[in-house]
Each structure stands twice: as C-alpha cells, then as structure tokens.
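In what comes next, subunit A is part of two complexes: it sits with subunit B in the first one and with subunit C in the second one.
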Partner chain A sequence: MLCVFFSPRMASGMQEKQYTPSLLSFFIYNPKFGPREGEEEKKILFYHPSELDKNEKIRSVGLCEAIVQFTRTFCPTKPAKSLHTQKNRQIFYEPEEHFWMVMVVRNPMIEKPNKDGKPPTIEYQEDEILDSVYGAVLQQCYSMYKLFNGTFGRAMEAGGVEMLTQKLEKFFYRYLQTLHLQSCDLLDVFGGISFFPLDKMTYLKIQSFVNRVEQSLSLIKYTAFLYNDQLIWSGLEQDDMRILYKYLTTSLFPRHTEPELAGRDSPLRPEVAGNLLHYGRFLTGPASLKDPDAKIRFPRIFVNTEDSYEELHLIVYKAMSAAVCFMISAAEDLTREFCEQLDSLVGPQLTLLASDICEQYNINRRISGSVLISLTLRQTPRKCLALLALLSSNKHTIGAHIKRNICYFDSQRSQACALFQYSIYTI
Partner chain B sequence: MNEEYYLELRENPVQFEHASSVNNVFFDEANKQVFAVRSGGATGVVVKGPDDKSSVAFRMDDKGEVKCIKFSIGNKILAVQRTTKSVDFINFIPDFPHIEFSHECKTKNASVLGFCWTNWNEIVFVTDQGIEFYQVLPDKRSLKLLKSQSINVNWYIYCPETSVLLLSTTVQGNVLQPFAFKSGTMSKMSKFEIELPVVPKPAKLSLSERDIAVATIYSDLYVMYLKHHSRTTNSPGAEVVLYHLPREGACKKTHVLKLNTTGKFALNVVDNLVVVHHQSSLTSIIFDIKLQEPDCPVNVHQAVLPGRSIHPFKIPRTGPAAAPSQAPVICELYSSTWSVFQPDIIISASEGYLWYLKVKLQPTLNLLQDKGKLMDFLLRRRDCKMVILSVCSQMLVGEEKGSLPVVATVFDKLNQVYKEYLDAEQTYTVAMESGPSRSSSSYKRPVRTQAVIDQSDMYTHVLSTFTERKGVCHKFIIAVLMEYIRSLNQYQITVQHYLYELVIKTLVHHNLFYMLHQFLQYHVLSDSKPLACLLLSLESTYPPAHQLSLDMLKRLSTANDEIVEVLLSKQQVLGALRFVRSVGGHDNVSARKFLDAARQTSDSMLFYTIFRFFEQRNLRLRGNPGFNQGEHCEEHVAYFKQMFGEQALMKPAAV
Partner chain C sequence: MAADVDRQLWESTNGSLSIEPVCSDRADSPAPGLVSGTEPGAGQETAMFAHTESFEDLTADTEGAGLEPQEREASLQEGRGEDEEEPREECAVIGRQQQEGGREGGVRDKDKDEDVTSDAWRAHRKHVFVLSEAGKPIYSRYGSEEALSSTMGVMMALVSFVQSGDNTIRSIQGDGYRVVFLRRSPLVLVGVSRGSQSAGQLLRELQYVYLGIVSLLSATQLQRVFAHRQSYDLRRLLSGSEHLTGSLLRLLERDPGPLLSAVACLPLPGPARDRVSACLRQARAPPLTFSLLLAGTRLVSLVRRRDLHLHHLDLHLLANMAASCSAFREAEGWTPVCLPKLNAAGFFHAHVSFPLPGTPLCLLLLSTEREAFFELSACKQRFLELLHKRNALLGLQEALSCPTYSVALVGVPELRHFVYKSRSSGLYTSPELEGPYSSDEEQERLMCLYQQLHSRLHHPTRPLSSIYHTTHTHNLYAKVTSGFELYLCFSALGTKAIAEAAVSKLLKWIRKEEDRLFILNPLTY
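After this line comes the complex of A and B, so read on.
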C-alpha cells in the first residue's frame, strides 16, 4: 500500500516538536439565508466546532463570503478556491448554488525550543499542504454526505432549513471525526477505485452470477461486486461508485473483517453456526435473520443526483472475501422473506465464486513466478511470529507479510489467542 | 393439435398396384423395391423403387406361384423363388442373354426359406438346414458355391445396410446366430440368446421373427426385441430390449425401452430414434438411447415425448373420377394391413403405398419442456439446425422466456458440439500440413453436421434480431450476450468481433458507457482493429472511448499507422511524432503529413518544432537538412521562411 504521510522529518534535535495538519474548523453556509444585517447567524447551516462563540462563527463566515465576493469581480465563474495564511489554509467549495462548504486546516508546524528559557519558535510549513489534496477531501465530504442524504437542495425542499441543519449535524458530527487529515495524500485527489486483477473467464463467471441474481430478484436495480476490497464490477456509474467504494473500503468493510478470520467455533462467528452450506452474511441490514423481532432496515443511498435522483436501499452481502452490493429502489418495501430469499440464493453461489476467484488469483500469481501460501493458524502471537520468522529464513521465501491479526478469547482453552492470517511469498 | 404431430409419412410415397387375387406384392429391403407381380409375372412385373432409376417393368413366364422375388444390387440379376427347392435367375445385364436359369439348393431334403443378395452377384440361400453362399456367374448361367454352413434354422432376418444375416436356431428359436458377409467372404459372429419372458414347457418355438428387428442406431448395429407383456412377470407393460451386436465380440443386452402399455406394436428407426407404433391406441412414441448418460450395463429408457399419432395422411384422388372439388381421402393410419420394415418404411399393401417415416422436430419444442434435454435431443438429429435456432430465439423472447441458467445451459450444449467440430477440424488441418503422405488415409475431413451452430449462425438467426427487438429489457439483452460470450470462452472458442460489436452497440444504445469501460478493462471484449475503430467512432458520445481505442490499437501492435492517423486527426502532432519515434518508424514517415497537420493547428511554435525535427532527420539521413523533391514539402519550406525568416532554416553542415 502506498502511503504518503506528513511524517516528521529527520529531526536535528530531540527537543523539536512536530505538529501534523489538523482540522481547525469546518462550516457550511448559504449567504442567501440571512441577507440583512443582524440575521447573519441564519446563514450558518453547520459549524464545527459548535461550541465556538456565535460572533466568532459569524466573523469567519463573513470573511469567506467577502473573499469569494471580492475574487468574483476578477473572474465571475471561478471565485477563490482557497486562502493561504501563515498559520492555516482555508478551502472553499460551492457544491450546490449558494451553498458553501469551508474547511480550515492548520498548517503543519515545527516547534523549536529556544535556549535561555525563551518561548519556543514556531515554524509553519505552509508549503507542505496542497490545495488539490484538501480540495478533494472537501469535495469528498460533500459526496459522502450526498450519498447518504441526497443534495442540500432536496433536503430544503422536503423540510426547509430545519431539516437540512439536522441532517448536516447528524452526518458531519460523526464524519468529521473519521477525517484523518494527517494521512490525506494524492490518492485522495483522484478518489481512485482499485480494481481486482482477474482473468477473463472468472470475470465472465462473475458477470453471469450478477446477471442471474438480477434476473431472479428483479427488485435489484444495481449490483456492485468486490473482492479483497477491490472492485470487480459496478452497475453504478463511475462517480457514484467512486464514493460508494470509498465508503465500503474505508468504513464498512474495516468494521466487519473479524468474523471471517475467526475459526468456526469462535465467538466472533455467531451467524454461521446455523448455516453450514455457505459463508454468506449481510454486512448491512439485520444482524440476524433468525430474530423475528429484528427490523429489516438497510441504509439508504442517493445516486444519479444529477438527473434521475434515485434513492436506494443498500444491501451489502459478503461471503469470504467476495462482497456484493445490491441496490434496490427505496420505494420498495424490503421484507424478511426477501432477505431470506436473497440469502439462500446468493449465499451458496457467492461462496463458490469467492473460492473460485481465490484459486484463480493464486494460479495467476504462481504463473508470474511466486507462490502464495496462505495459512490461518490459531496460535499464540509469539508462536506465530516465530513460525513466520522460520519461514522467512527459508532461502526460497522472498517475503512474508502478516495480513491481519485479531486477538480473541478462546472459551474452550480459557486463554487468549491470536489469529493470524499471513502470506508468504516464495520463489 | 396440428403442431403436435411429430411423426409424419413423407410426401411423394411410392405408389404401386395394391395386392389382390391376381396381383402379388413383394418388398425387397435391400433395394427398397416393391414388386407387383401380376398372374405370376405373365401379365407383367412392375418394380417401383425409391427413385425412377430403380423402377423397372418387365414380363416373365408364369412358372408357378412366386414366393420371393429380388434384384441383386444395381438391378443386375433377378432372383425368383417359386418352389422350396430351387431359385430361378434372370439376367438383367445389358448385352447378356435374357434367359432364365435355375439353381437347386445343395443340401438334400432341405427346403429353401428364402434368399438374400449380398452383392451384385453374390447370394445366400437360407434353408431350414443351413445357409449356402453362392457366386452367380451370369455368363455361364450357373452358380458357384463359396461357402456353406449347416445349422437348424427356424427363420431369418437380413440387414442389408450391414450385410448381417440373423438366423433363429434351437427349438425355442431364441438363440440367434449372426453371419456377416463381405465381398465373397462369410464370417460367423458370436451367437447370443434372447431372454424370453416365459420359458415354455414343453419346449416349442417361442420367438417369432415379427418380434425381432435389426437396425443401425448411432452407427452401431442393434437387434431389437419386442418383449411382450406377460402376466407372470411384474412388468407393467411391454418393452423393447436392445442387444448391441458388435462386429467382433459378444452381443450384449444394453438398453430397455419401456412402453408402459400392452398390445400390438411395430418398430421403426428414424434418424437414430427408435419409433414404436402402438396399434390399439393409434399412437407412436419415440426413444433416444443417447438421451440418458449410460451409467450401468443395461439402461432403462422412457419415451422422450408423449405418444402422438402419425400426422394424418391424405390420399389425393386419381383416375378419371377425380375432380378438383373432391376432397382427398384420408388414409387410415395404423391399419392392420400395414407392414413395417427397417429402418423407416411403412407399406400398405392393400392401398398400394410405400411411405418413409419422418420425424418432425418443430413440434418437439412444445412437447419437451426441459430446454436442456430438448437441446440434447435436437443436437443429435439430422435436420436440426433451424429448429435449434428457433429454440434459441424462442427462449429469449415472449412469455416462454427462459431464465438465465437455462439460457446458459443451452449455449453450453451448443458450444460443446461446436468446439468438438473445431477441434476435429484443427486436428485434420495439422495432420494434413504435417504431410499427407504419412497419414492421409487415417484422417478424414470431419463432417460438419447440422448440429454445429457457429457464431455467425447465432448472430444472424438469433442474436441480431433479438437485440433489435422492441420491448426486451436491455439488462436481459446484455446478460444473454455476455452469457454467450462466457460460454464461448469456457470452451476456448475465439469470439468473433461482430459479437463484441453487438454488445457495444447495445451498451451504447442504452448509454451504459461505464459498463462498456469495465468490459474493456477486463479484456472481456478482445482487442481487434474493427473494435478499436468502433470505439473511436463513439468518442463524440463518450470521450474516454478515444483513449480506450488508442490503448487497444497499441496493444494490437500491428496498428501503428492507425495510431498515428488517429493522433494526427486529433491534432496531437507531437504525440504522434513521439509515438512514431518510440516504435522506431520516424525515419520512414512522411514529413509532409506531419507538417500538414502541424500547420492546421495554427500553432506556429508547434510548426517550428516539427519542421526542425524533420530538418534534423534529413541531416542525419542524408547529410543535408533540406527536403527532397519527392517529399513535396516546398509549400511548407516557403511557409517556414515566411514565418521565421530565411536565416531560421538549418544550414547544411559545413564540409
């Protein structure tokens, strides 16, 4: 994985302190909502940090508004996109007409202690920050909001400013916490989708699977197929898929990896016990189909907001490393029967397909000159590492890599265990 | 109901004078000729064969009642049996005397049961005490004994297709002794016993020749035994038991066809299907012994289709009384006067008709619901192509639209046959190339049967019309096309570009560009020049298609000229030049072409750069930066001077 961190440079002295870029404030406003003096607060739809003084909020919004207005006189279609200052960077973005999103990022800095007890000198590294990266991050914030809530305009139509502010509050309160500004990099600019390398025949099999499921369960409007967090097929258009992919790989999947790696009798694997025919399970929606009281509710997403503006149920279903997203019009009422039908239809096929893909993928790797040995061991961490070291020292082994490790409590042996899944590449 | 008759009597039956007290009718299975012998031949013998060439009429002297009459192969010699002792011969070879001669059977006290021709001049006499194999010498008007075998014979059956003679021996008649004949030689095959439902006590003849038929099914010789229902056994009805009779080795009971009813039956074999006619219900059923994978030594089969009558046959009125207004007479089917002969002949001696039985495939579409089984059935039939294609069309549209797994199964079955043919063709080609001298005899060019449905058939008859059909969900269209491509890939058959074009057109028509993009990304749509050109044409509606097309051309590595043209047409002159240089073709490209393109961009710096590049090339190749006459660049040189001045031209290197 490629990671470009704003990592500390080689420090010359031990006392130097480094600060990574961090989010100072984030706000959304619409200048049309409080045009008269004294009503400025009405313009603000969302402000983080919320505990900031009201006047302070109004002042920063006013500043942004002024800058945008001022720069518009030079180029009416392209007003200012960012404001560079010594201490921070402000990014402006107008996703919908008159709706402005602003993100203020503190520049990374180095604190150099001074001798003689003087206060330390602070060196702001404003060149370390790229407008394109943070501009993309801001746009992503909007896209992610839109994926789950639809456009600002629609919310206004449905329930006025009140509804919009509620939605913004609800979404961004959590979302901003997951924004790791220090690890944003060029990859965020492209919002790229990583595709899974696959041979033609297996790819066609996946096509065939998707088509069959869509035919049998005609409610399904779009399907996306992923393997190992990489995309193989998307029925959605690229822009929508890009943001959905971001959500899946950075938020949904990381929350659900554990059960696969756990042994069959592990407590982390509650769902599989009743169904040994396949490994399929829902990542969204009901935790268990067995529970008759559990509500059948799936997250809703908004796609094609430019033209058809569709609201969809998002069903994410996974078997081993293969994950499928089924998207169904939100107008449809999803019943337990439907979920059961989907589970029984998709589960076995997807399990088979996942092992097919895995096998094919390994064959392809072998062809390219290396052998992948994948082992899942239930061992103590120390033993695992020792084994790994042993295998690594084998002259044919060119590398080893621990994929994931999870610690859990083994009730039978009454001891803590670690579960390792790792790959060893050999010649 | 009309579309449910899957058996019919073929048109243009052979017509002959019906049997009467003065007219005896004989049928020869070998030449498929009907003999109408009037008054023992004195008032004429009319022979009607399947075509006009084999039809003859002649007279012969009435020397008593005719028991059996047959031409040798090719109508060379006529053999007539009138007594139980001898057979008479008449020469029909042109320029030979047309005189009868007679030959008595060799064995004393034996009576001749009949005879069969095995060649134009070889004949077998079957007597109750054995067989005598003769060569007829027409010029000497005598017969030469080639071989004989003494054995007690109850009755016999001869299969002309394979020249195998089957003799019923022993008291019960259920031990069958086959003999095979081949140009002057006679070989005894291993005998076998037919299992009788009840063993009679005391022993008596229990196997009748009416219950035995011999026919070739899927190029194997089978003896078919119609085993009647017996009250003592628990079987619910009669059955047909098939004994496989190989050229060498023992005969084995291999198939049992369950008839599930009782009564009078008759057997035919049409297009490798066993047809069983049932007289009392006036229906026929068919069996395909390959429809079920052989999993045990004896396979039990049920009828493929529900029983149906043969399609009603109308006899047109003839003769002076016939008037156009008169309706044709409907022929009585399953009449008790019918005689059935192998493989596919039905004769009504009383009406004077000989019909060939035919299986119509179209009605099977509605009678056999399981599409996979239907395909298996159709792929083994002779005239199956159009029917198979109509099954494919039918399963894609309308109410009977099949589910994708069914569609996939059908495609897989078709492509399996297609692939087998392609492989055979390939093996043949390789064998031919490696030197016909060595193995020309052992390799025969594979026959392309109608069951080989290739991509162009599917495209023309099924897919192109299907994709243009209104009211079909585009998702289903794409799913079907992808399923077909998947199936072809699975059988490692190279997919033709027109199928890809169909996919692309459908996707483009429904604005599904991102899907198209993904298909190209995974090389599902294989690279080809036509495909790249098609992509190029899509650029106006989907801009990334341009790059996809260029990438494809690059991968093809045989389309460098096209890439340059494409880039130049997009005014990417520098890009084109870089590309040419990267593939090492920059010494040979036309300077004029690039300069033309550079001038069109109205970018003077670009023009300068390109001009300079070619000046340098000229210098390197010819030691002089100037352009040659043949390059036709004068116009550009003038323009360059006008733009940048004379002194900007590169000076020839000082000598």
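After this line comes the complex of A and C, so read on.
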C-alpha cells in the first residue's frame, strides 16, 4: 500500500507552477545629489516599490553605482548596461548625464513541488529573457515620461529636485502599472509604427484635408492622421511620432471605446443631440463643448527636446475609425471658440473621409494582403513563413512590422538575415 | 552526468555490456542520421576517453564527479592518497625552473609591467582574474596583481554583496564587452571579454582556468590551504606557473578541442599508428597508469590501464603543461600533476620527455607512485628501442613533419575549413588553417564564429540540430546528430545547397580517411 503513496505518478500529479517575468523594482537616481556619507538617500529621485525600507533602497542604488563604476575600469566611455544574476536581471540606462534609471526584473521561474512537505524547488530560467527587450522597455519609459514632462534637466532648472521628484512620482506611479513585462517581446525592441495601407487617391484626399485644416486654422503646428490605430500621415519627427504613436495606440484609444459601436440606448453613447451632422468628438480636452462650465484644457507634450524643445497642446479628434492629432504651441491660449471652430470644420469632413477610407480599404484588403505575402515569400521563403505563422495571432500590427523587415532586408541583405533568425528565437 | 558516462564506460570495459560495432556496419557512405558509435571516426572497440556527450560536465561541480565511489576507493588504496602533502614544494620548484628556462618568461614580464590604467591595458581582448574569497589577487592575465588589488577587491565585494541577498551574480553586460563571474569556492574567477564571445563561452574558459589551478595543487590541498588561513596568498604556491594559465588561455582561444570537448589526433596511417601503439604498450612497467604520445595538442597514441579512463579535459591540461614548459625539452622531467576530472583529490606523477629532439613529439608516462622516476625513464628508453627495432620511427617522423592536411583534399572548392567530431570516440579532426586564416587575428575570428555556432547548437533551453549562418565574408553551417558534430566554413560564395551537398561528401571522405585521422583501435595494458 505504501508503494502507492510514493509512486512517481503521485509526484507528477502535483502541478508545476510557472511564473512569468515580473517587475521587482524600478528606480531613478543621480549620484551627484548626495555625495557625502549619510546623505545617500538624497540620490534617490524615485523608487518603486516606495514602501521599501530606506536602507534597502540605498543598498540597491549603491550596488548599481558600484557596478557602473567598476565597468568604467574596463571601458570608461561605455558603462554597464545590465547585470545578470541567478534570480533577476537589472537593466541600467543613463538617459541624461548622471541621471540613471534602473529596472529590476525577476527571471521567469518554475516552482516544482516536493513531497514530504519540503518547500518547493525553484528553478530560475535565466536565459529566457533578453536584455534588448527590457532595455527597450526601459528606454520607452523614459521617452514616455519625456513626452509629457520634458527632460529631467528642464524640470531641475524650473523647480529643483523637489519639482522633479514630484513629476516622477506622479508619472511613474501610474505608468508602471501599465507595463506588462510578461508580454514584452521583439516588437518592443523595434518600437515601430504600423502604417495603414492605402490607395493613391484616398491618400491624396487625406493630405489635402490636412493641408486645408492647417491653412484655415493657422495655430496648428503639426498634424498626424491615423486610421484603425495605424498611421497614415504625420508632420512630427519620427522619434517623437514613435512614442506618441505608442501612447495613442496603447493608452488613449483603448480608453475610449467606440461610441459608434455602442447601441443607441447604451450609456456609452455620448450626448450627440443636435449634432447629427457628423460623428466627430474630442478624445483629449473638453468632454462636451455644450457644457459652458467645463474647462478647456488639453494635455501638453514635449517634442524636439534635442534642439528647439517645443511644448505643445495635444488635441486628439476622432470620427469613427479616423483620428487626427493637432498640435499647437503651448504658448497659445486655447479658447472654447477655437474648439467649436475646429469641431465644425473638421467633424463633417473627417466623418466623410473615414467612410471613404473604410470603403477603399474593404475593396483593397484582399489584394494588399496577398501582395504582402508574396513579397515576403520572394525574399526569404521559409523564415518568413515561420515568422508569419508565429506572429499571426496579432494580425493588425504584424503586416506592417513584417513590411518594415523587408525594407531592411532589401538594403542590407546580410544583417536582415540575422534579424529574422533572431525574431524567430525570441517569440 | 559525468558519473553516468563513467559508469557506462566502466561497465563496458568489464566486458559484460560492451557493444562492439562489427566492421560490416561501417558503411562507406554514411547517412547524416548515423547513430552514435557508427559515425566516421568512432572507435572500433571501446572509447578511450571518459568524455561526455556535451559540454555540460564543465558546468557541473568538479568535486567527486570524475570517479565512481568504488573506483576512487581503489585508487586511494593504491597509495595516491598518501601523496597529497608533499608535491606542494616539488610543484613550486618545478614551476620556478620552468620560469627560468621558460620561453614565455620574456612575454610574461612585459604583460606584467603594463600600466593598468592605460588604454592599451583596457584594449586587451580578454582579461582573466583569479582571486581568493578574501579578495586577495592570485592571477591576472595582464598587469601585475599588486596594481590590480583594489579592482579585485571590488570584484569580490560585488560577488559577496549579491550573495548576501541570497542570489548569485552571473555577469555584467556592457556595450561590446561583458564581465563574467565564476565562484568555485575557495576561488573566484572573473573574465572580461570584448567582442562577440558569449557569456557562456567565457564561463567555460574560466572553468578551464580553475581546473588548471586544481591540476597544480589538487582540490583537496586548495581547500585545506584556505580552510587553514582565509587570507592565504596563493601566489606563493603558484609562483612560476602563471605562464601555464597564460598558455592555457591561448589554447582555448585557438584550439577547437576544448570547445568541442574532444581531442585531435595526429594524422598517421593506421598500420603505422598501430605499430607505435604496440611499442608503447610493450614498453610498459607495473606502476604505469597512462602512456601518452602527443605532438603539440594532437594525440598520437594513448595506452591506458584497463579500469581507468582519461578525461579529454585532463588531457588538454596535460598537453598544455607539457607544451608550455621548455625545461622538459632539454631533459626528462618528473612532476606531480592532479587530473581534476579523474581524481581531484590526489596526484599522479608524470614523466615528461621529448624523445625525438627537434620534433614536437612528447611522451607522457603517468604513474601513481612517487618514486617511479627511474622505472619510467627505463620505459621511455625501451619504447625508443622498440620503435627502432620495428621500423616504426620513419612513419612517425614523416607524420610529424606534416602534422596537418589541406582542406582541398576533400574536393569541395567553396569549403575553407571544417571541424568534425565523432561523438562516441571523443576525437575530432580539422584541416590546416590556410588561405585567409593565416594570421592569428583571422584564426581567432574563425574560432569566435565557431563558438557562436556552438553556443547556438548547445543552447541550454533551446538547442538546435543545425544552423546556417551568413556574414558578408563567410557562410557557416553547423550540424549535430547523435553520432557527430560538424562545423563547416564556406567562402562568401557558398550557398545552403552547396553546404548540404558538402556534408555528405565530407562524411564520405572522412570515412575513407578515418584510420589515418582517428585512433580506431585504442589499446590498454
């Protein structure tokens, strides 16, 4: 009878538990802020989790400083980028001089239960996560912060350390909750923009629409046009557009479920009484133009931080699946009248345009799809097919990402090969 | 893992389980899916090494992994255990001799005088540091240990800081370089490398360096020294042996053997090799456990005691020791050496001589008895006489004068170089590096590419069976089956189809040449 108890079947009957990589801590420090002993805490500008013991925080910052300093022995210009340990991985990033951002990710692990009530054995899968992926995630954290808050240096100039820590606290407290480390992959490394495939005529229609609006509302500095979460036209620099695109598609758009899709009596359906001419509405700024007490406030973004350092109002206006971003210098005061003018000018045109695009898209969809695949086939037969199969779960963005790869492939044959192999391993 | 393999071999040598492939099994044109034991280069009888199927045994703990318990007991009874104390002094003495006469001496001094804050020091492709757990410097490849003592202090601090969080530090990755940490109590080894070498490969080299130190001191003595005094300065015991570590590191960078866990043979026609082996066997003496005939790092012949197997790793360490001490070239040498994979606790005694002056031929006679020098010296004399008597000398000398062969013999024009390993015998073969690979730099680059392929194939969680890799100067193809491991390097004009065709052509060629390229009939006493 005892044999039954200790048979291997019993042991295998107990479940192994698999844990995905998770964020252990995230902190930002500047070693210049507390150079004297006893003042180490001053170096820390932001620390997550904030409830951690002060000495623990100081210790982990100290380790990072030591590692950065140590690697300078061997390469003074290029300090460490990551630290691998059995249990976790730390990624270092110095976005601005002396400002260090560090992300500590716990390695994925498997918990194997032991019989006889012994604590379970934990096996860390150290080779499962890639520096390039989490390095890109960390850089994205900074870019996203910079988009809405400007650089660390500017905040220091404006209000000293206090202002900077407040800004960091306010931004990262929310932002870190939206990091889904377990689902980060190669696409995060590219941080690419997915473009919407379109025929010439419709594309020209969109361009003329953008030009007309910029002509009549001369305050507008930059415009970007998206359809179905994919970009069609942008006046911003590519780096800025990349991070703005990321914000729009992963944060802003998902928060505003389509009222067009909601039923007539659904509470999601906004008050469009009296405005049946078009489906246009503001995704940022005033919830309703009808309410005279509502404040007219748009989020501010910072672009071209390298040279001209522009601060802009971000107006996102949407009709059906088409969305337009208008960016206006923050120095301008945006009034209710301006918003109404914009609404009445853009709303009807955008509604028409959106249905045009939709029609064209439906006609072209089958053709463009097959063109993409045959193009892929001609370049690298087996690898592309494998990649397509692997990525097929996420149809919308994939097409464009593969297309990007092919462009890359055309110009630099040998490097693209490696890129493909790499992507197959990762995903 | 290693113990398992040992057990299998041990059992098979006792005859009960031995599987002896019959000659008719050895097809002329082997299919790529050959099973282990029938691939070109597989031994006719039993394997002569205690080699492992992959490189995993380097990552396993060395202590106790090498021997079966009963075997260990047996060997200790033979009096090996008693030797543990003395060789320390002897070892140091030989070390000093080596340094005085050593051709490496000049090079070493230059390396040691280097300014550790200079750009030249930083620009070295690979640094290796060894320190004790108290943070005391033991070895540095470049620059003097004294000048680096604070850097090594920081290394130890990092190791113990991470350890204090119940965690283990593995590596630091930078832009274009990496720092790898290996803790082998009571030592800590740190490697810093530039370029594309992966952390795993660097870790393997650190393991070798550690075992190299164990081969001089034995694990038992190493433990005892530090148990006695934590802050002991190990350099006192190792003085004069630093160039051994240096040449071991160079070997690791050039030679595919350690990478593949395999040993290369000197190409020698089968009958000639059999004659030499027979002479070697006949010139035996009771205390002998192994007789090895080496040409540089290439094995000419190996005769072993029936119940003992030499590990390829021990053989690499022995070959490195013999080749890097010029003192042995002038006169017969007698030195204690620990074979960490066979028995990390005790010492063997090696009689080292270069019987044919002017050639790299080296005779190593290993015994467990400390006083057997004259007996083994007589063995060597007898061996030479037998060589003369049986006319085996001429063939051997011919082979020594052209120790490699050209890749053109295979008959694939795009093929520039290859490495073929027979997995069941633990032997590999590889042609001369010619053409574009005549410079050291290019050779190391090729080795680096092979290392990359190797780490892809043997990835711990996602192993591959074959890989084709294209760069703007090379096309590389690597393949692993249960029988063999193959790495091919083609010119930039190569294609995948050519590579596939080349594999079968090459296998046929190796099958045809196997009795020249491999040792098919290993002998025992």
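Just so we're on the same page, the second predicted complex is superposed on the first by the 346 of 427 C-alpha atoms of A that agree within 3 Å, B and C clash if a C-alpha of one lies under 4 Å from a C-alpha of the other, contacts with A are read in each partner's own complex, and residues count from 1 in each chain.
Criterion: a residue touches a chain if its C-beta (ideal position, glycine included) is under 8 Å from a C-beta of that chain, and two chains touch if they have at least 3 such contacts.
The shown structure was predicted, so the numbers you read here are calculated from the model rather than taken from an experiment.
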With the two structures laid over each other on chain A, which partner does A:L204 touch: subunit B (first), subunit C (second), both, or neither? first
So in the superposed three-chain picture, is A:S308 touching just subunit B, just subunit C, both, or none of them (first/second/both/neither)? neither
Where does A:S82 make contact in the superposed view: on subunit B (first), on subunit C (second), on both, or on neither? second
Return the chain, subunit B or subunit C, that is in touch with more residues of subunit A. C
Where does A:T178 make contact in the superposed view: on subunit B (first), on subunit C (second), on both, or on neither? neither
What is the contact status of A:S234 with respect to subunit B (first) and subunit C (second): first, second, both, or neither? first
Looking at the overlay, what does A:E214 touch: subunit B (first), subunit C (second), both, or neither? first
Residues on subunit A in contact with subunit B in one complex and with subunit C in the other? none
Note: in the complex, subunit A contacts subunit B through residues 195, 198, 200-201, 203-205, 207-208, 211-212, 214-216, 233-238, 241
Using the touch definition from the top, list the residues of subunit A that touch subunit C in their complex. 63, 66-67, 69-71, 73-76, 78-88, 125-128, 131, 414, 417, 425
Can you tell me which positions in subunit B touch subunit A when the two form their complex? 403-405, 408, 475-476, 478-479, 482-483, 485-486, 489-490, 514-515, 517-518, 521-524
So, in the complex, the side of subunit C touching subunit A is made of residues 122, 127, 151, 154-155, 157-158, 161-162, 167-177, 179, 192, 199, 459-462, 470-472
